Every structure is written in C-alpha cells, then in structure tokens.
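Naming follows writing order (A, B, C, D, E and F), and every chain is counted from residue 1.
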C-alpha cells in the first residue's frame, strides 16, 4: 500500500511541478516567474523526499536540504535583482 | 563572567540551536558528535559574530514556547483554510492590502512577525515601511480587514514584544 | 528511459548550440552553460543509467552506479563553473571596453576596430596600395 | 694542417666574414669597408690559386664534411674547371667592382651597408659555383636572391628601388623554391645530393618517370634567375640598384647563376627533346625580345639590361642546342659577356656619375668631354656587337656556326639562322646606339652637370676589362683557351670536342650572317628615329605594371579569401568549429559499418521521469526562445539546472546533484550580477539566412548528440570502475567511491580542477581591476538597498549554513559531500550575507584577503600531496587510519580530508573573490544619484 | 511494518503531495500575483512538512532509531518561505505588478 | 629518482602558490621567485631530456595507483623534448616580460605565468586522457588570464573569442572522452590503445566518431583549418611576452594529436589505424595556404606574425600527417624552429611597435624608428628563418619535411602547398619589411624617443635557434629521429605504462 501511495504521491507532485512550470512559462510578470521558480524548487524537495522513501535511500536528504537552501538564495537574488538591479551593493 | 560569556558565547541561543541542528544533520546522538557539535556550536557564532553584533535576549522562554505552539497550530489551520480557498471559487475571494501599524522595534522581532504572518491564515507580509513602523500585508480573503489586523496584532505581535523587548523597554 | 534521456540531452545541446551562435554575449554565456549541462549529463550517462542504487559502498544493498563518470562529471562541473564565471566577467569587460555587448564589439566603425590609429583611417587604404 | 684540404669553404665563407668586418670597419673610416672587401677578395683569390693548379692538372677537388648525413646533407665543396672559371669571374670582376664602387658611391651612401651586402652576395655566388652538395647549392642560390634584394633596394628611399628589389626577390625566390623541389626530386632519383653522383647518373635521370617534373622545376630556377622569357621582366627593374651592383649582378654573377646551373646539369639533364624545346625555346625567345627591346631604351642602363637579357638568351639557346660544341660556345660567351658587359655598366655608371643622367636623349657628344671613357665604351660596345678582333666576335661566330649546323637537314632549316641573324642585327644596332648616341650625335642637352672625366681610379677597372676584351679577341689561344677548355670539359663531364678559336674560318655562312648583321644593324640604327617613334606609338607590355597589378591582385585575393573566412567574428568561428566537429565525427562513424545501436536492453520509462524530461526540454527550448528577454531566459536555465540535478539524483549520483545545485545558484547569482551591467534584452538583428544556418547547426548537433548518446547507451561495456568499487574502502579509506576517486584515485584531476577555479578567481579579479561600467537603463529601483527582514534573517542563516558546510565537508569521504560542495555552501552563505547587507558592510566585517585564502587552499592541497613524498611514496598517496577515543568513539583520520580542506578553501576564496569583485564594480562607477545606504 | 503505520505513512505522504498540488494549483489558477503568492508559501510549505514527517517516521521505523534530520528541511522551509515570499511581494509591489480590481487597500485605524 | 617526472609539475605549481601567498610583499619578490623557478625548470628539463634518452619511459603513478586506475605521468623522450622547449621559451618570454615591465600592467602575471607552465607541462606529461582535459583547462585558464593581461579593447575582444571557442572545444573534448569511456571503459591512453586494438567491428564506428571529434578539439588548439579562427586576433593583440609564450600553445595541440591519436589510432589499431591522418594532411595543406594568404593580406605586423605562426604550425602538421618516422623527425625539428622563431618575432614586433609610436605595427608609412638598422637586420634574419629561406632553420626544416614527403602518395600536393605558401610568405615579408624599414618618413618627425631595446637577450636567445638549428642540425636531428622512432614503436610505451607496478603499501590491502 505504501508503495502505491508513494507512487501516486509522486505523480501528484509531478503534476504540481508541471503546474508551477506552467506559471513560470506564462508569467505574466517577472515576480510571477520568480514565484513559480521558487515553488518549483519546493515541489522538487517534496518529490525528492517521496523518492527517498520509495527507494529507501536516506541519501536524498542532502539533496533536498540543499535545494531548500539554494532555492531560497536564488529567489532572494532574483527578487533583489528586481528591487535593486544591483544585487550586491 | 559576562565578559567571558560575551566573548565565548556571544549568542547562547544560537549556539544551542546550532548544536541541535548539528545533531539533526548527523541524525545521531552519539557522544562524538555531541562533542563535535558543541565545538562547532561555540566556534561558529564566534567566527560570525561580527555579522551579528547585537545581542539577542530572550526574556520569556515560556512565552516563546507558547508562541511557537500557537504558530504551529495556526500554520496547520491556516494551510487547510488556504487550501479550501484555493480550491474554492476564486470569485468569492476578497483580496486586500492591509497596513499594520507596528509596536515592535527590534528588527529580529519584526522579522519574526513578518515571517509568522506569511505562514499563517491567508496573509503575506509584503513590505515594511522605511521607518519600520508599518507592515504592509496582503490577505487572500479579508472580508473584515480590521479584524484580521487585530488578530495579527493580538495573536503574534504581543507575545513577540514580550519575548524580545520586555527587558529593553 | 535511455531514449528520453538522450532526447533531453539532444534538446539541451541544440538549444545550447543555437544560443552559442548568437551575436550577444549574454545569450552566448547561457548557450555555453546549456552545453555544459548537456555534456555533463552525457558524460554521466556513459557509465550507463542506473536507478536506485546506493551511492556509497554498502555490502548489504550491493550494486553501485559507475562512480568514475560521476567523478569526471564533478570535475567537469567545477571547471565549467570556473569557465562560465570567467566568461561572463569577460563579457562585462568587453561591454565596458567595446561599448556594447556584441560578441565582436560591433556598432563602431569596423575599420577602426582593425586599426587603432584613427587619424589616417580614411586614406589608409589608398596609402597601402601606393606603398605596396 | 693542409690548407688545401679546406680552402674551398673558406673561399666561399670568407666574404661573409668580410661582410661583417666591412660593416664594422665602416664605423671607423668611410673607405675602410671597401679596403676590407678588396682585401678579402684578394685573399680568396690567393687561397684559390693553388687549387686551380690542381684543377689544371685534371683533378676535381672535393672537400666534404658531414652535416646532416641522414638527410644526405653534406657540407661539401667542389672545384673543377667550371667552378674555377666562375669563381675567377666572380672574384675578379668582384674586385674590379669593389674598386669602382669605392669611387662611385656618394657621401650620402652608407659604405658599410653597401660592402656588407656586396660581400654577402659574393660569398653566395661563390657558394653556388663551389657547391658539390646540391642542397647546399640551393642554400647559396637562395642567398643570392636575398642578398641581391638587399643590393637592389640599397637606395631604400627610392620607390623604384624597393619595388625592383621585391620583384627580383619574388621571381628569383620562386625559382629558388622550384630549384629546391627539383633538387629534391633529383636526389630522390639518384639517391644522393652529391653532384658527382648526379652527374654520373644522366641515363638514370633521363629515363626516370620523374625526369620531366625535375627538369621543369630546375629550368624554372634557371629561367627566373637568368631572366629568360617569360621571367625576364624583373631584370630591367633591378637597374634601380647602384651601378656597381648592376655591373656585378648582371654581367658575371647573379644572372649567370642560372646559366651556371645549365652548364652544371648539362650531362645529367640534357639530351632529350624536352630539354631542347624548353631550353632552346626560352633562349631563342629571350634572345630576340631582349635584342629588339634594347634598341628602344633611352636609359643607358635600360639598354644594357635588355642587352643582357638578350645575351643570356643567346647562351641559353646554345645550351638548348645540346651539342658539345654548343656548350663550348656557350661557356666562351659567358666569359666574353662578363667582360664587356661589366665594363659597359661601369661606363654607364661613370656617365651617370659625371653628367647626372643616363638618358640618351640628353647625352650627346660626350667624346669631347670624356675621351678616355669614350674609347673604353666604344671598344666594349663593339665587342658586344660582335665586331672582329674583339672577344664578342669569336663567340658570336661560334654561335652562328652552331645555329647553322643544328638545323641542317630540317625542312625549316633557314628559320634558326634567320632568327639569330635578326637578333644579331638588333644587337649591332643597339651597340651602335650606345656608342653613337652618347659619344657623338651633336651636343648634350640640359645635362645636370658639366661632364668631365671621372677620377683616374674609377676607370682602371674598365681599362682592365677592355684590355681583356681585346686580348681575348685578338689572341684567344693564348688567353682564354686553357680556361675555356677546362671549364667546357668540366661542364660536359667529357673531353672538350675539337673546336677552333681562330679569327678566320674562311668565307662561310656564319661569316655571312655576321656581315649581314653588321650591315643591317648599322642601317637599322641610323634609321632609328622613325623606328623609335613607331615603337613608342604602340602600347607595350609593361611587365612591371603587370607584375604590380598581379601583386595587387594577389593581395586583393588574399584579403578577399582571408576576410571571407576569417571575419574576426565569433559567430563565424563558432559555427566553423561546430560544423567541423559534426562533419568529422559523422564521417568517422560512417567510415565503418558498425550498427547504429547495440543490443543492450533499455530501461522502462516512468511518468515522473517523463514529466521531468518534459520540463527539461521545455525549459531548454524556452531558454532559447526567450533569449532576447534575458532575465526570463536566465530563470529558465535555472530550471534546466534544477532538473539536471534531479536527474543526477534519480540515476543514483547524489554527489553530482549536490554539486550541480550549488553551482547552479552561484552561477545564477553571478549572471544576475553581470546582467545588471548588460542590456536587459537582446536586439533582433540576425538575418533569416543566418538564423537558418544556426538552426541547422543546432538541429544537427542535437541529432548528433542524440545518436551519440544512444549509440553508447545501447551497448554493453566493461569498465575499470570495478577496481574503484573494490578498493575504495581498503585502498582509499572511504565508502563514497566518487569522493575517493576525487581525492585519492584521481586526486590529481581534482588538484587541477581547483587550480582552474583559483585561476578563474584570480583572472576575474585581474579583469575587473580598474574597470568602469555603467549599469544599463532600466526600471525604477527602490530606494531601500537592504530589506531589513532579509538582513536580520541573513545573520541567522550564516552560522547555520556554515554548519551545513562543515557537515557536508566532513562526511564527504564516506557519504555524498566533500570539500567542493561544502565550499560552495559556505560561499553561498557568504553570498547571502552580501546580498542582504551589501558589500561595504560585509567587507568591513570580513577582513580576509580572498587571494590568500585561495593561495592557502592550494598550498594545503599541494602540501598534502607532498607529504607522501616525504615518506617515500608518490605525490598524493593517501593515508588513513581509524582512531578510537574515549567518549568520542571511533573516527577516521584521512589525509584526503586535508586535501579536501584545500579544495574547500579554494572554492570559497575563488567564489567570493569573483562575486565580491563583481559586486564592487557598481561602487567604483556609481554615478547615479542613489547611494548605498548600507545596513543600519 | 504494522498496517496502521503504513496507513499513517500513506496518509501523510498523500496529504503532503495533495497540499503541494493545492499550492501549485493556487499558483496556476489565482488571478493576480499577490493572491498566487499565498498558495506556495502556505500549502506547499505544509505539504512539504507532511511529507517530511512521513519520511521521519518511515526512516525511524526502518533503522530502528529515531531519525529526525528531515526536521531540518521542514524548519528551513518554514523559515525561508516567508522571507522569500516577503521579498517577492516587495519586488512585485515595487514593480506595480497588476492586482485585481477588487483588492481592498485598508489602512488600519491607529 | 622516482619523482623525476613529477618535478616539472610541482616546481611551477609551488612557485605559483608561493607567489600568490607572497602577494603582499610586492612585485620584486614575485619576480625573483618566478624567474628562479623558470631557470631551475629549464635546468631540470634539460636534465630530464638527457635522462630520458637513456632509459625506457619513466612512469609516475600519482597517488601510488597503477595505470589504468590511477593517473600516471609518463616521461618519455617526446614529453621531455616538449618540456625542454617549453622551459626555453618560458625563460625567454619571462625575461622579456621582466625587462619590459609587462608584469606591472595588471594583477597576478607571475601566478598566471607559473600556472601556465604547470598546465603545459602537465599536458605533456600526463598519460591519462581525462587528466589531459584537466590540464588543458588549467593551461587555458592561465592563458586567458595572460592573454587579457594589461587590458585594452582589441585584446578583450580577441580574448572573448578565444575563451568562447575554447569553451566549445572543452565541451567537445568531454563529449569525445565520454564516448570513448562509454565504449572502452577506461581513460588511460595506453589502456585505451590496447582496448582499441581489440575492438570488435561493431564498436569501431563509435570510437572513430569520438576519435575524430577529439581530433577536432586538438585541431582547435593546434590551429588547423577551419578551426584556427581564434588565433590571429588572440596572438596579435596580446602583449609580446605572452604571445611569445603562446608559441608553445599550438604545439600542445599538435603534441596531443601526436600522443593521443598516435597512440590510440597508431598502426596497432587495426581498422582504426590512422583515421585522422587524411584529415590532418588535407586540412593542414589548406591551412598552410590560407595562412599564407593571411600573411599576404595582413595589415599589421603582429597580425602577420600570427598568420606566420599558423603557416608554420600547418607545415608541422603536414609533416606529422605524412606519417613516417622520417617525416616526424623532420616535423619535430621544424617544431623547435617554429616555436622559437615565432616567439622571437613577436618580441621583435614589440620593439617595432614601440619604435613607431602611434603608427604602432600597422603597415603604413611612419617616421623611421630608432635603431632601425639593428632592428631591421634582426627582422631580416627572423623573416628569413620563418619563411623558410636558407640558410636558416626554417629552410632546414622545410627541406627535411619535403624530403620525407617524397615517398608520400600526395607528395605533389604537399610540395605545392609548402612551396607556394613559402613564396607567398616571402613576397609578403619583403613587402612588410620594405614598408616598415625602408619606406619611412624623415627622421625629424621621429615617432618616439630612442629607448634601449629592453629584453634583447630574450630575442637573441630565441632567434639564435635559427642558426643553431642549422649548425647543429646533425645532433638535433639525431635527437628528433630518436624521438620519432620511439613514437613509432608504441609497444614500449604501452608495456611500460601498463606493466608498471606501484610501490608496495603495507597499510593498504588492495583487491586486484
């Protein structure tokens, strides 16, 4: 049952990712796209965690952790770019 | 004593957090890692102290604990609420920008407030005024704006003020 | 799965190549980055694709994806990173010195580009012929 | 020590030494260069004398040293009759020219340079005639081209001198290259470059399939050097040289080098129809064209130049006849031409020197002003015309005789005698012109100077030469016969045939031809005015014009081709590169009949992978489609990176995923930093055809990569990786095989990799130093530089991320992670601080010179490797041990950790250095009203 | 693995996935940026939390000892998501990103 | 003794690191370290060359891991030969840079210089294909830094092209290495060669495709038609000392073709033997002519020299393509010549550029430069040498190559290309020399003040090769012949590399 649930969960999250990507694609404004990218990162984390359980591998953890960190930094940098252009000033 | 503490343990709460995080990272409580974690928990705040010069004092740990509990609960509720809102008809939503006058002064406290607002019912903190006195919040569905503001101020700002600012005031 | 993988690399490569052939520095940088991603995936796949194998020696679980290409890709990623960083800064330098971000620094008289001595420019061709 | 064992190379090389000495000596005294040169020439003559004795005794002297044996290259000299004759001409006339030049050159001319060039030229000529090794001969041959270039362009301020010199160099240089090829073929046929071997292999050579190309190549050298039609045109333009140079180059030396080659190779190459037609044809054409044109030149030296061409044609024609007697005649005429032509050039120089012009339309009646010179000129001219009692008559008679005898029995027997007679007529006419038009024919017109006799010493060389003309002409048997005999037999490599040098052979056809030539020549001359007018009415082929326009055509074509291909365009270069790689790899595959795909079973596809691939493909495509909106494109490439790392996770490569993720973010930050200074959009500026080309290349690359990937993935293979899996723990002390490969098995790659990274950081730093850049115009920006919430947050994040970095670092050896990823995480942590608080604020608190961090990192990594050397193992040999401490428990200590620390430091140092340097860019050039507020 | 535990895990994972989907649906469906911002910052974050909790339980059960490190990710997400949202909102406000007309602008009483 | 092959790497690396760490102590210290390092390297490499003549190839197993698992360095005669040339060139270039104060023009010159040497030496020594990639990247990045050193518009533009093209090249390299690994499962060159020799027919196509792609990569470095387009601007726009040092860079590409393709697709490779040779031959002949046309069309001296470099490199590659020990020996002989003379020309061009003031090295009439006769004489010497006119090294090299080409089926084409390009170059150099030195305006309007010809020793050292190669043709050709013969007997290399056993290590119990 767990296996099946995980498979379904994976599909659901994959669908979520596609929706996020759709937003990234249609925009319409830059903040929308940043938001979509940020969401895509989070979707990926969920995907990885579920995948980790499915493959019984604890090693997906680091990847998920790193995506959390890096996705955030990316979002900050992009937002800052919209705010100030110069992201390090 | 306090001099010594300021040098070696500039942010005790941070150190404690780091230690916990270390153990979590390694997913273990073996003594070697507890020791290594402790070393790192002391070392890293010292190394990064120049980036965090202000000292943080937590006046009321119990209030903090309670605050955290409330927030966690709210997150759960808020999320289900938002899920319903999202899945419901979007035409029924009444989005709003709310300006919340702030009583908090400590930047840390304001930041925590802003974060809390983001995580809890249907609100996202959008902008902090330049004088740090007003927080602009976007609500997904605020049919009674003042009530939302009041709730935020009551539920989150007050405990935060107690936690972070009671002794300095 | 392999076909899907190959198809993905192929599209990345095609997009990368097209961007690399653009006339402005920024798209070129993006194109080369895409190419780098593509080749890293390619290099990685050369150990053949494996799903769900452990990444550390694990006597219980057994099986292991080919580690050598992974090590190579790691090196390649780092090198590509350094190169990309260098190139984008160079693009900035080019923008600063050439006045625009065209890869050939055009939009200024082309003759001038070949001839840093601007004064005899008009007559230089004629002169050359006489002197030759 | 027997001097006679190595005098020949000394003779050839002495002039080069003298050249250096002359150049040096000229610094001390103006004429020292001349005396040094003359002395050296005398010494060379002296050195040669004893050997000449041996040659007269019938010996062929050969002096050889090894140079490059494997290549058949020897330093090898030969003195036989032919070489003796030429060496004597070169040295003898050289000496006279040196004396003459001593007085000829004006105060403005650099003596040192002149004599240095002249002596180098003399050495080169001697080298040609004395060479036994043919490659060595080619060396000297090309040296004459080079040194003659220097001599002709001696008056470098004159355009005609520069152009004439370059023309001569181009033509004779080309001939030299042909000679090299010809000699290589000859060596290939014979199996040796030694002249002795080549001359003994005539049959072999003539019957070899490569004979014709060999002959043509060598003749190209001959014809270019000796100014044979159609390569004759360079010679008149070489007259821009100072007259002593012309006297030397165009009488006895440079142009005779080609003739010398004909004489040299006669036994090896002659005796075929090809030889006869090629050599004879060129000679005949040259003879006629030269003689005809000479008459119409108003310039004294121009006349002499075409006369030279004509006489060279005559000699060539004689060689073309191919008979032994013709060779004797040819060699005889070589001697005679050298003497009278050298003296005539010197006379021309004297006239030029004393009157300031060489234009025969101005020069008239000079006999009154310079009778001595006139006498010399008249005698030499008559020799040139072939008047009896002068040397030119004798060889011309032999020439006519041969022309008659060669064509006997042929239906068109009259053609050759008729043509040579025609040439003789013109020859007489122009010789007459030289005498009459200059020394008689009324009074001079507008001479720049009042003419008078030159300094006594200037005439002595001419005196000597003219005496020689007379002596040979009157008493051939007592003067020229022995050396002629010697040279002819050397050239023929056989005993000289019977011939007679008598003045009187009875009243025969050749004499008839001479008389006709003299008579009709005189007639022609005295009717010259109408002829010249008629000549000048016609457009004439101006060889120089054609050469120059040919040269310009060449330059134009070169520019056309190069700029068509080398456009200094990156797009062009990149397209070619991609095209070449596609073409070659496709060709490589198709050369073999390997199946496209193998038999390895493929994995099944799952829905999530499909979704991920779809996102990846769309993201790649939209990176491309949106490339003109740069920020959007950048975000799309972020998605590509994200899915790429997901793929790494999916296919069991967590290390790669972590690395890719970290690199991804740092790259995006970097690109954002840069994008601030770049336009936000890319203009639409590419034409349809270019787009089509690029699309084609892109699609071809995509298809190629698809096939390439599938080719490999569908095949089984066996890899060395099993070794790593088996030995990662026992040999490397780590369970993360990827990391063990990185820091141990292939640690050297990693060292290289961090050096790349370090260099990137340092290079970026160097590039950005002093750079001024204005941000591009764009949307309104907020006033608030650093959002306080982010600021606050960054303070918490920094220690947390550093902790994660330490975590990743320490576990790397056994689990995914390692110094590189840890370094990137630490860098990102610092970047967040910079992002949140700004450069100024952060720099004030982070007082570490990142250069030193990089240096330290490299040092640690290297030192770790070197530590192994200290204990007797190769660089980077790892060591590890398991330690047990109370409380702490078991832990592993590995040298790889230290290495990884180096990696960590380099990564942090380079990333931060680059990013911060980039961030600072706006501060150095910030002219906009807004100011960084910094953190509170 | 007891059935109830498996059930619990399945529920957590599915709930997490579902919430994630809801977040993305919000992102895709809602009419302006500010409204879209709510989905990912809340639902997705909580969805992540649920799945991570499932992971914690699963791996703790598997290895026989408590495995809590997924908490870190949750924690991290809970901290970063709001900051990110805040910055994006700030950027959107600054860029005057379109908001739907019926959005209220309410300045609370002092 | 064991560490010998490693010394040419560790020396510049340590010097580079030391210079970086000593940055705060100023330029003088850096100069000293840099120069001493290069001199020691020269001595060391000479000794290594001498050493390599007497012994089998020396293997250095980095990390004590045997081939094909670990990375090994292989010091054989060819690599030692290349090391010596590099060190000689580096000495001259560095001397010139110091005398001309090139290192003051920007940051990190000496670090870049040393690491450049590290990268080049590494490329010559490594026996591992992927490690070769890494060293390529090291030497490329160092070269980027050096190329751009000092800054300037045209330099930046040339640098941008150079970097971008090389990035494409690196990508192609990875594709090729990846595919080779994907089929053959190994990275060590000797091991690759052995496995290629045993390759079943069904796999040959893929390996051939990868091998030719790799060939294109090396061709980019070696500057072969049609992928040489990065070179003319890069070489002509950078500072003289750097351009001089870069004379070795094209040879790195040639070396790679010799080493990698010579080994992998040598005679033992069966059906795959010599897959690159036809391309190499025809492309080098086209290159030669295109380069000669470029020489003719050049509008400035340094541009012309860059095309001369192209032409000489093409000649060298034609020699390699002839594919015989004789031709290779001739090619290696020519390699020495081409490297040093091209470098010397770039240094000379610096004097000329300095002496002509604002006119720089453009082929337009300018006031006479100071010391025109001296510089002009040196120019004539260098021009003769590079154009292959006797009696200098270029002639000797071309003669040897042509002689070796006689037996090749395409001899006629090789002869034509070499001779025609030589002629075009002679014509062009006569024209440019005449323009620079003869066609001058009166000296009153002299463009610049007479300056000492800084770095004359370097120019002298480099150009002296033009004569020394001729005078000592026999011993030098003996050497190159020895090297060529060794290269044509790869069995020794293969055996030495693959049978090399690492040191016994009691702490590690390895699984075979």
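Assume contacts are C-beta pairs under 8 Å (C-beta built on N, C-alpha and C of every residue); 3 or more make two chains touch, one makes a residue touch a chain.
No experiment lies behind these values; they were computed from the predicted model shown.
Visitor: On the document's contact criterion, could you list the chains that touch chain A and likewise touch chain F?
Guide: Where chain A and chain F share a partner, that partner set is C, D.
Visitor: Just to be sure I understand: the centre of a chain is the mean of its C-alpha atoms, right? Then which chain's centre is nearest the mean of all of them?
Guide: Looking at where each chain's C-alpha mean falls, the closest to the middle is F.
Visitor: Among the chains, which has its CA centre at the largest distance from chain C's?
Guide: B
Visitor: So which one's got more C-beta contacts, C-D or B-E?
Guide: C-D is joined by more C-beta pairs in contact.
Visitor: Measuring between mean CA coordinates, which chain is farthest from chain D?
Guide: Measuring from the centre of chain D, the most distant chain centre belongs to B.
Visitor: State, to the nearest whole Å, the distance from the C-alpha centre of chain D to the C-alpha centre of chain F.
Guide: Going by mean C-alpha positions, chain D sits 18 Å from chain F.
Visitor: Measuring centre to centre with CA averages, how many angstrom lie between chain C and chain F?
Guide: 24
Visitor: Using mean CA coordinates as chain centres, what's the chain A-chain D distance in Å?
Guide: Between these chains, centre-to-centre, one finds 60 Å.
Visitor: Taking each chain's centre as the mean position of its Cα atoms, how many Å separate chain B from chain D?
Guide: 75
Visitor: Among the residues of chain C, which are close enough to touch at least two other chains?
Guide: Where chain C meets two or more other chains at a single residue, that happens at 20, 25, 28, 40, 42, 45-48, 51-52, 54-56, 68, 72, 75, 79-80, 82-83, 86, 90-91, 93, 103-104, 113-114, 132.
Visitor: Give the residues of chain A that touch two or more other chains, as numbers and ranges in rising order.
Guide: Counting only residues that touch two or more other chains, chain A contributes 10, 15, 17, 30, 34, 58-59, 65, 69, 76, 80, 83.
Visitor: Chain E: which residues touch two or more other chains?
Guide: 23, 25, 37, 39, 45, 67, 69, 72, 79, 81, 83, 86-87, 89-90, 92, 94-95
Visitor: Touching chain C in the complex: which residues of chain D?
Guide: Per the stated touch rule, the residues are 551-552, 555, 568-571, 574-575, 578, 600, 602-606, 609-610, 613, 616-617, 620-621, 623-624, 627-628, 630, 633-634, 637, 640-641, 644, 647-648, 650-656, 659-660, 663, 666-667, 670-671, 674-675, 677-679, 682-683, 685-686, 694-695, 697-699, 701-706, 708-710, 712-714, 717, 719-721, 724-725, 728-729, 735-738, 741-742, 745-746, 749-750, 752-754, 756-757, 759-761, 763-764, 767-768, 771-773, 814-816, 820, 910, 914, 918, 921.
Visitor: Which bits of chain B are touching chain D when the two form their complex?
Guide: Answer in residue numbers: 14, 17-18, 21-22, 25-26, 30-32, 35-36, 40, 44-45, 47-48, 50-52, 107-108, 110-111, 114-115, 125, 128, 130, 132.
Visitor: For the complex, give me every residue of chain A touching chain C.
Guide: Those residues of chain A that touch chain C are 55, 57, 59.
Visitor: For chain A, which residues are in contact with chain D within the complex?
Guide: The touching residues are 10-11, 14-15, 17-18, 21, 24-25, 27, 30, 33-34, 37, 40-41, 44, 47-48, 51, 59-60, 62-63, 65-67, 69-70, 73-74, 76-78, 80-81, 83-89.
Visitor: Can you name the residues of chain E that touch chain A in the complex?
Guide: Residue list for chain E touching chain A: 1, 6-7, 9-10, 13-14, 16-18, 20-21, 23-25, 27-28, 33, 36-37, 39-40, 44-45, 47-48, 51-52, 54-55, 58-59, 62, 67, 69-70, 72-73, 76-77, 80-81, 83-84, 87-92, 94-95, 97-98.
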